[in-house]
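For clarity, chains are labelled A, B, C and D in written order, and residue numbers in each chain start from 1.
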Amino acid sequence: MSAEIRLEGVSRRFGPGTPAADAVDLVVPEGSFYGLLGPSGSGKTTLLRLVAGFETADAGRILIGGAPAEALPPERRDLGVVFQSYALFPNMSVAENVGFGLRARNLPRRERRARVEEALALVRLEGLGGRRPHALSGGQRQRVALARALAVRPRALLLDEPLSALDRALRAEMQVELRRIQREAGVTTLFVTHDQEEALTLSDRIGLLRDGRLVQEGPPRDVYRRPRTAWAARFLGEATVFEGTPAPGGLTLPDGARIRWSDAAPGAALAAIRPEDVTLLRPSDPVPDGWNALDAELEVSIFSGPTATHRLRRGDLALAALTKGGEGPAAAPGDRLILAWPPERTAPLEG
Amino acid sequence: MTRRLAPVAVALAFAAGSAGAAEIRVLNWKGYGTDETWAVEAFERSTGHTVVHDHFNSEQEMLTKLRTNPGAYDVVLINSAYTRQAAEEGLIQPIDTAGMRNVDDLAPDMATNEELNANGALHGVPWVWGVTGFAYDRREFEEAPTSLEVFWDPALKGRVGWRDDALEAVQFAALATGQSINDIEDMQAVRDKLQALMPQLATLWSSENDWNRFMASGDFVVATYWSGSANRSRTNFGLPVEFVVPEEGAIGWLDGLSIPAGSENVEAAKAFIDWMIDPRFYVQWDGEVGAPASANLEAAAALGDQAFNRIVLGNPEAIERIEIMGPVPEETRREYLELWQELKAGL
Amino acid sequence: MRPPPSLRAREARGTAALLAPAYLWLTAAVFVPLAVMLGLSFLTETPFGGRDWAVTLGQYEDALGKPLYRELLRRSLLLAGEVTLWCVVIGWPAAFVLAKVIGPRRRGALFLLTILPFWSNGLVRVFSWAILLRGAGVIDWAVEGLTPLEVEGSLLFTREAVVIGLVHAYLPYVVLTGYLSISAIGDDLLEAARSLGASRWLVFLRVVAPLSLPGVAAGAALVFVPVAGAFMEPRILGGREGTFLGTVIEDQFTAVFNWPFGAALSFVLLAAVLAVLAVSAPAVRAAR
Amino acid sequence: MSGRGWRNAGRLWLGLVLLFLYLPIAVMAAMSLNASPFYQLPFEFSWRWYDDLAGNRQLQRAAWTSIWIALATAAIATALGTAAAVALHRGPRGRRVLEALLFPPIAVPWLITGTAMLVFFFLVGIGRGNGAVLVGHVALAIPYVVLVVSARLRALDPALEEAARSLGASRWTAFRRVTLPFLAPGVIAGALFAFAVSFDQFVISYFLQAPGQTTLPVEIYAAIRKGFTPEINAVSTLVIGVSMALLLLVARLVRFGDLR
């Protein structure tokens, strides 16, 4: 019953500045959990509101389950929306909130009550039906908002940064809950957030959005392993970006060092490496053959429990390496070390 | 001392005159004779007509109501100073007094008053007349003041009252500077006189209610007032006040009853006006409530000898000093208003 | 490639449908008549009863030129400013107490009790003030009875009496609009501010005041605007001190038949009042 | 000063404000029971003015006319005003102009608006009568309703209506079941304002009334010209008494307190 969400060339501009959406093509496969990730002001909420019908596109088509929806008013799009502020109706009890959509669809009272109980059970809030929203905790309010959206068995679920208002510990727990509930309901979900860890852990597919343009889309692992641009590399996780002149199988840094990668990307002048893929070696240690190796001067090592972060410098190039807490050569700031990593870990960038 | 009129007697007198029951709409000040319930009921019983009242609070509002409601009124009270203007604007129609029994008893000089007979035809039946002089609280004065100068008496600084009306203020100042109210030459003298009056004033009154309350509570001890109202303050409200026609002269006014141009009940209107100038109506009105002097000599004569109007307005020497208010061109009226506002604003 | 009858167009039509009844009614009953009066203010005479009239700017030359009317405009704006100031100073804290200190059970009743005085007849209220403020009136009797103070002379017929009468008539506007905007400020906001160590006064100043300013400013405008044109309270309570532009405008309609000048004066007053609001609006926004 | 101290100071302040608001009304009520027609002290209890009032058919008729016109005005002005406030809240183009247009009916002295209406209705042929009076009253009441409801609307979280729409409620259902309950205090305050503007409206009624018809303020204003009798205080005291009872009843029904 769940449906695919498809955006084709969707644009929306608020006045002269950068467009909120610039010819965006995006597909949320049926039943999947799609994380739309972007800094604030990137237009991600606008995209969500365009799908929900609270905004009207200047151009482009929005298809839900293959049917055009851009001319439909919000109430006829059959979508469940969870707002960042939860937007629970202050003058209604939890049960009335969750049952609101069912009442709008004129379901008989008996069935309505059953569906409300079912939705509350799904979010583990049985028995709280009589409470008023302002008598609930943040986590509870968030789950009521979810139950309300799911109760109508929508064709798709739209979540606008649903966890941002929660504290750290509760957020981690709710991430797991959210994913469980979505799987059980099997509903197509478009989820908007600026928190990359949340996007990576929850999503089947993620899309990176910048200034209204979809920079990259794909499974989290692929997008993380093979960012398309320098911005994507730096925005999603941490990365060291090398800039040089193209060379066969890699590129040559201004200071002559060679960076090799295994993909077929002739002519690429930029490449990125994740700090966790780098192994730190003493100059005297042997470098496995075929690996990249750069020597640099250690500036600082930051120990943070399970891992340690190392900042190094090579001329005007800042480099970073991440090692498990206890491992890595004993070195003091100012020592020279070798950063080594296999070519397949290097990600050539388009621009 | 009030003698209840036998309704039957009244009914007989008017039975002949009624031509089909009509609804007469009267436009007048509120509580100024025509809307006395007993008078209206007596008239309605005897003629079968019904009487409905609408009120105004200034002559300008009365004229505005006539201008914007052609045909809405059948009888309207107009001060003789405005009758000519209303006639020229075509707001009121000439009155053929045939069939009006009491017209013959009207005081000749009033019946032929040139203002009421604008462009040669009777436009306003003289009804009541009176004087604007002043009244004082007799408990506050050893001997009765007789001159307007009492308002400028330094001993009474801050304890005198005037009406908040530019025309009346200028006319009183004219009298106080020896000029005629209908022909004021020396406006500078008027301005200086009024300038000197300002510090003397406790406040300005603009309605009978104001006057009665300010006098009763001692806010002022002497204030300009209308003779009819002074009569009411004594009879109806029992205030210890005496009315005075000042030596320098007083502002006389003559109120006439007119029939608006668009009226459809002219005969019924004439019957009502006839009843209003009937001595029996007047004596009861004066006795129970207190009224200005009647323009009907029979009615004036029918008053008891203790009646206020007979004592105060009866003596010829006082009448001599009264000058009836004439029409004032709009331009002059605005000039007086601006002067009065400047004085009040202390400029 | 715009979608067929786009949502935004349908939304705009919906909004227009909601606006239309109220604004058509206002147009027919207020704006057109006032436009007629505005037209009138450019004539020499009221075109009734066959008077001849001509188009002129004379009315405005007098209204703005003559010292009497300029002085009265100044006094009227000052009076309106003072009354508005008193209403805000008295009404704003009262609104805060009503919204945040009084318990929910009694708040509804007290909220309505502040509206009730509006329903008593304006004239009777003003006369009641006349009774209260008169020398040997009820207040004097009470003050002399309860306190050693000796009240010399009466407050009646002074500018203070007019201010008291007007503050009494218009205070509820500030209390109510203030209440409506303060009650919308979440308690959690106040608690957060208190938890950060702000004293009660600082909370009012830094949190409640800025957030409720738009409501109170709207209330202040509802006071300032009509008070500038008031004529009943000044005339009855002001005595000789009671001459303001409002009373002069009334005279043009009741003492003389000079509608054009009366209209010109009121449009000058309206322009002055709107100018003051336009100047104070940014100040209010800046204060937030 | 401790928290408790400040709260009591606050309650005292509100108490003083209410005392100030009700002082003249108390005097009015007292004077309606005082025998002297000119409010002379000493106070002498008497029902005299209430007896006169019972006999005064004209004043009673005026009071009833005032009440039903005020109720009609409140109903119409509140409906139109609330709709306009909601529309304005959506920020249509020209919103600033539309909001500025609300001020002239409040700013221009009612004397001018009254005369303007009289002239215009006369020219257009509507003429005078209770219909014209109602048109005038509603026009003066609408701005107050719009301003009061807008003050409340500003505090409304826009996502609420959007949430309802997304759940399948049409624009009207969403407004009726979500926005309106939140607006209740504002709408009721607006209605009470509208009632007050009409009930206490002298100028417009005076100009637009047909002969023979009258409303309470007009009756009182005219009576004041000629020996104002405390009968007027009696009818005003009765009206205040009735409306106070009515208001407290409304307060019971619509618990303003907890409607955030």
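Here is the rule we use: contacts are C-beta pairs under 8 Å (C-beta built on N, C-alpha and C of every residue); 3 or more make two chains touch, one makes a residue touch a chain.
Note that the coordinates shown come from a computational prediction; the quantities given were computed from them, not determined experimentally.
A.B. asks: Top contact pair of chains, counted by C-beta pairs?
C.D. replies: C-D
A.B. asks: Using C-alpha centres only, name the chain that sits farthest from subunit B.
C.D. replies: Looking at centroid distances, A is the chain farthest away.
A.B. asks: Take the average of all CA coordinates in subunit B, do the same for subunit D, and state the distance between these two points in whole angstrom.
C.D. replies: Centre-to-centre distance between subunit B and subunit D: 38 Å.
A.B. asks: How big is the gap, in whole Å, between where the Cα atoms of subunit A centre and where those of subunit B centre?
C.D. replies: 91
A.B. asks: Starting from the mean Cα coordinates of subunit C and subunit D, work out the distance between those two points in Å.
C.D. replies: From the centre of subunit C to the centre of subunit D is 15 Å.
A.B. asks: Need the CA-centroid distance for the pair subunit A / subunit D, whole Å please.
C.D. replies: 55
A.B. asks: On subunit B, where are the residues touching two or more other chains?
C.D. replies: In subunit B, residues 57, 64, 210, 213, 217 touch at least two other chains, as defined above.
A.B. asks: Going by the contact rule already set, what residues in subunit D reach two or more other chains?
C.D. replies: As it turns out, subunit D has residues touching two or more other chains at 39, 115, 119, 171, 221, 224, 228, 260.
A.B. asks: Residues touching two or more other chains, restricted to subunit A: which are they?
C.D. replies: Within subunit A, the residues that touch at least two other chains are 53, 73.
A.B. asks: For subunit D, which residues count as touching subunit B in their complex?
C.D. replies: Its residues touching subunit B are 37-40, 115, 118-119, 122, 127-128, 209-212, 221-228.
A.B. asks: Show which residues of subunit D lie in contact with subunit C when the two form their complex.
C.D. replies: Per the stated touch rule, the residues are 3, 6-7, 10-11, 13-14, 17-18, 20-25, 27-28, 31, 39, 41, 80-81, 83-84, 86-88, 90, 92, 98, 100-101, 103-109, 111-113, 115-117, 119-121, 123, 135-136, 138-140, 142-144, 146-148, 150-152, 154-155, 171, 185-186, 189, 192-193, 195-196, 199-200, 202, 216-217, 220-221, 224, 228, 232-233, 236, 239-240, 243-244, 247-248, 250-252, 254-258, 260.
A.B. asks: So in the complex, the part of subunit C that touches subunit D is made up of which residues?
C.D. replies: 11-12, 14-16, 18-19, 21-23, 25-26, 28-34, 36-37, 40, 90-91, 93-94, 96-98, 101-125, 127-129, 131-132, 136, 138, 141, 168, 171-172, 175-177, 180-181, 183-186, 200, 214-215, 218, 221-222, 225-226, 228-231, 246, 249-250, 253, 259, 262-263, 266-267, 269-270, 273-274, 277
A.B. asks: Given the complex with subunit A, which residues does subunit D contribute to the contact?
C.D. replies: Residues in contact with subunit A: 157, 159-160, 162-171, 173-174, 177-178, 181-182, 259-260.
A.B. asks: Tell me, which parts of subunit A touch subunit D in their complex?
C.D. replies: 52-54, 73-81, 83, 85, 87, 89-91, 100-101, 104-105, 134, 148-149, 152, 158
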